[in-house]
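Paired with chain B in one complex and with chain C in the other, chain A is shared by the two complexes that follow.
Up next, the complex of A and B:
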């Protein structure tokens, strides 16, 4: 909390927030070839996307399947390199091959399937995997592992086998694994898609906590609207393009546009919107049920 | 259920042998094997048996538990023993119809039986007292000298530990696919062996596809966490020799020297 306040204060003094990730005119295409190597189809996954992400922000990228949001995310830690345009992570261009490991340390990534990203056979070993790779001395690895496991609330499970944990717990281990590398920014590529509602809640609250307490920039890619409500900024993607951006409130005001993109709005927002259409005088972009209750009690 | 299976045959208890560095156990097992093939008289085997008995006692693994590993090779052992018994030429002790048993044959058969059982028990002590994890660590560090001749030791060890991590996951997946196919009317149990093998195809194909997909995901996740081979990598749990490992090495070499010298002395030869 203090850190975020400090960062905001510092940014206020400096007049602007530092850019942690900057995507400029990014284009990426998947090219399908037949057996002879002839091109038979080109899918533009990311189509001239511009995005500035400030240090310490909680960013959400929304989009339904195939909107290019995951492909874009893979550009943020140099797993993919854009065909046109540039991606700059913490001042480093991702196309610089010798800087790849710096970029990946600064921008950690959590993937969708918890089973396919845990390498260690014991929780603590898995969290230690990243620091081992970047050559952190042994004692410091232990410190980092302890700290990151505590910050996602999984310290009691450090000696367990990951196979015996729930999906939400496994995903928190993955987050701890990224955190142990001390990244400035964490990219979460649909981290909750394979989890039950309880696991989803666990993971999200862990992520929010990190953002607030440690000041880590979070880029959350998702198609669940409910997860976006608390974000600082939302980008909506469709067919490889950014079609909307703004605060959650600004974006969720445009219920019709979201519907045309085959995206749902949170239930409460939808209810408020429907009520408003029927002539009840409610403000736009209601995000939580508490807000709706407050607004309604004001009216009656 | 499937989730609870233990890998290898690690027997969980606290003992001196369990605490030893995996490199000591690895080298110890190899040297023990070598010693078995050097003996020329019963004294050597007697020393080997005593040595093994002491190690078993120290490891606190119940002897019966250890013997279980022998079950699998009983048939193999009987065949080798019988072959040696009947096919060795020499001084005939007993003959019946076309079969004759020689003195050399008897000695040979006993030797072989002893050797095989000592080999099996010797290696199972290692797997019973070392977790698979520790074993791969020990291999990685203990066999590092092989890097000189371009053996990718780190990569092999990494592959082994990933395989160990994914065995339970893939088993669970097999279980799921099996149930899914059974639910669609697949018949896995009736028919002769060929039919049953054929019935496995609809299980293996999706299993392989999913395994490849997992491998792809895992490779990406590893790269995202800066994995770039064994160079410049530090260890969270580095292997360090303790005092007990030094003592174990000394005991091991004393055993090796004593057993091989006595085991090869013609003085004790009975052949």
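Up next, the complex of A and C:
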């Protein structure tokens, strides 16, 4: 205990960030069975993955449907436990069964469909459900509910029924519910897949706020390339393996490689790439409209 | 003229204390073979409108004509209408249930009272038309990838041989390649077989790339109904109602402001790249 505190302090002084999630050689296989229970095949969903995620980072995971990214993410809060290798979340090995609840409190998860995650009849009840469940004193529950709702910009809806909210609002309530557990890390598995453009923006900006202001580590899984451009680091998965990693700029320079992995690049990057093919001289890895317009105006 | 929506309004919970307007005085005509995008924020009424088109919901007032017949007329065969106007719901793969993909696709035509042989021919044909991999036809739908399940579900509706195909967010949750494959296949069906397609989508980029016409819904009313070029030129109004134009539209406007005389009514990457490259090369020659 003292040693850990000492190491934390030392790392703090030296400017190191601690690992919040550390996946080492993680292997996970699904066994497919027929109606009689006979094994008919094995799918390796996560294939010896190594991943170090630092406290406070904003991480994105990309990959086509079936590439293993959701299966991997389920390892980060002990919904799944690796068959081989280890996953350490905030210093705790996820295979320690008696620590499961500590891990889930530290690493909260938000899923695709907001309607499957909301149970309360009133917004503030829904958000308070998690802390109540782990025996947080009533007074503190209310403080946490208020703070969480404010940080996703939904405090004014605290007395509303979740049924009457838009998809983007519901997802922000789900995020507030996770925040009320005071996690160090939040994992979002395609949180915007079902939302309209406005809802998508609301959710993304709420997540970025949490990361910047509260220092919560964010692990975002998405199929929308635009949502990734502000991440600190991007991991790309294929067939259960991490096949690319780097900053968004590094990763999105590899347009052809991403396309062959059934992925894409942001619209702006794609436009810049098409312009280069047409003989216009532009640098690699343009990510925002501003950058593109600035580069183009230099040319005329 | 295949579908005419004539001044329909729809009110939810009419008999309860708090009636809510779902649709208000909507009129449209949908000619044969058009590819139409339907956009609008969550709750704007677009899904409600789509469910009117095949008679799943009955309008509170106004009527709908399909091939010249009033679908609310007494004795009108709604079952037949539903086979002609096929509706693919969001996440249609949640409705796959049979033991094999093939059996699942046969289910719809089976309900039309066709012979087993005819059903199987149609199912096979529908799976081929959506580009479903032949070797997977007799596997369980639950062993498929997301994109394959989506195709199987769309084939189930196509096997009914609809003249109009309505798709509610057919690409939600698919990876970028899967989105292109599904929409590309639908575009091909529309062009080759003159199928009429209504695509409900939250992706302005997808809509810009594939459709001939866009209907914008807001608060249960038709807010705009025009070509993508015209609709996206109203990008400021679109933002006010929670939508946006494709990102390239914004870039074109910005370049025009900065003195490059590009067309601003461009909404796809290809068009934008051609236009910008041409104008920049002109400038370089002049200098």
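Worth pointing out:
FYI, the second predicted complex is superposed on the first by the 286 of 300 C-alpha atoms of A that agree within 3 Å, B and C clash if a C-alpha of one lies under 4 Å from a C-alpha of the other, contacts with A are read in each partner's own complex, and residues count from 1 in each chain.
We adopt the following convention: a residue touches a chain if its C-beta (ideal position, glycine included) is under 8 Å from a C-beta of that chain, and two chains touch if they have at least 3 such contacts.
Remember, predicted model here, so these are calculated numbers, not experimental data.
Within the superposed three-chain model, A:115 lies in touch with chain B and out of touch with chain C [touch as defined at top]. When the two structures are aligned on the shared chain, A:193 is found in touch with chain C, with no touch to chain B.
Applying the stated contact rule after C-alpha superposition, one finds that A:64 touches chain C and leaves chain B untouched. By the touch criterion defined above, A:264 lies against chain C but remains apart from chain B after alignment on the C-alpha atoms of chain A. In the superposed pair of complexes, A:32 makes contact with chain C only, with no contact to chain B. On chain A, the patch touched by chain B and the patch touched by chain C do not overlap at any residue.
Across the complex, chain A is touched by residues 3, 133, 161-162, 164-165, 168-169, 214, 217-218, 220-228, 232-238 of chain B.
Considering their complex, residues 40-43, 90, 143, 145-147, 169, 172-178, 202, 204-205, 242-244, 246-248, 250-251, 254-255, 258-260, 269-270, 272-274, 276-277, 280-281, 283-284, 287 of chain C touch chain A. Put simply, chain A touches chain C in their complex at residues 32, 63-66, 112, 166-168, 190, 193-200, 223, 225-226, 259, 262-264, 266-268, 270-271, 274-275, 277-280, 289, 292-293, 296-297, 299-300. The touching residues of chain A, counted against chain B in their complex, run 77, 79, 101, 104-105, 108-109, 111, 113, 115-122, 124-125, 128-138, 141-142, 145, 162-164, 177-178, 181.
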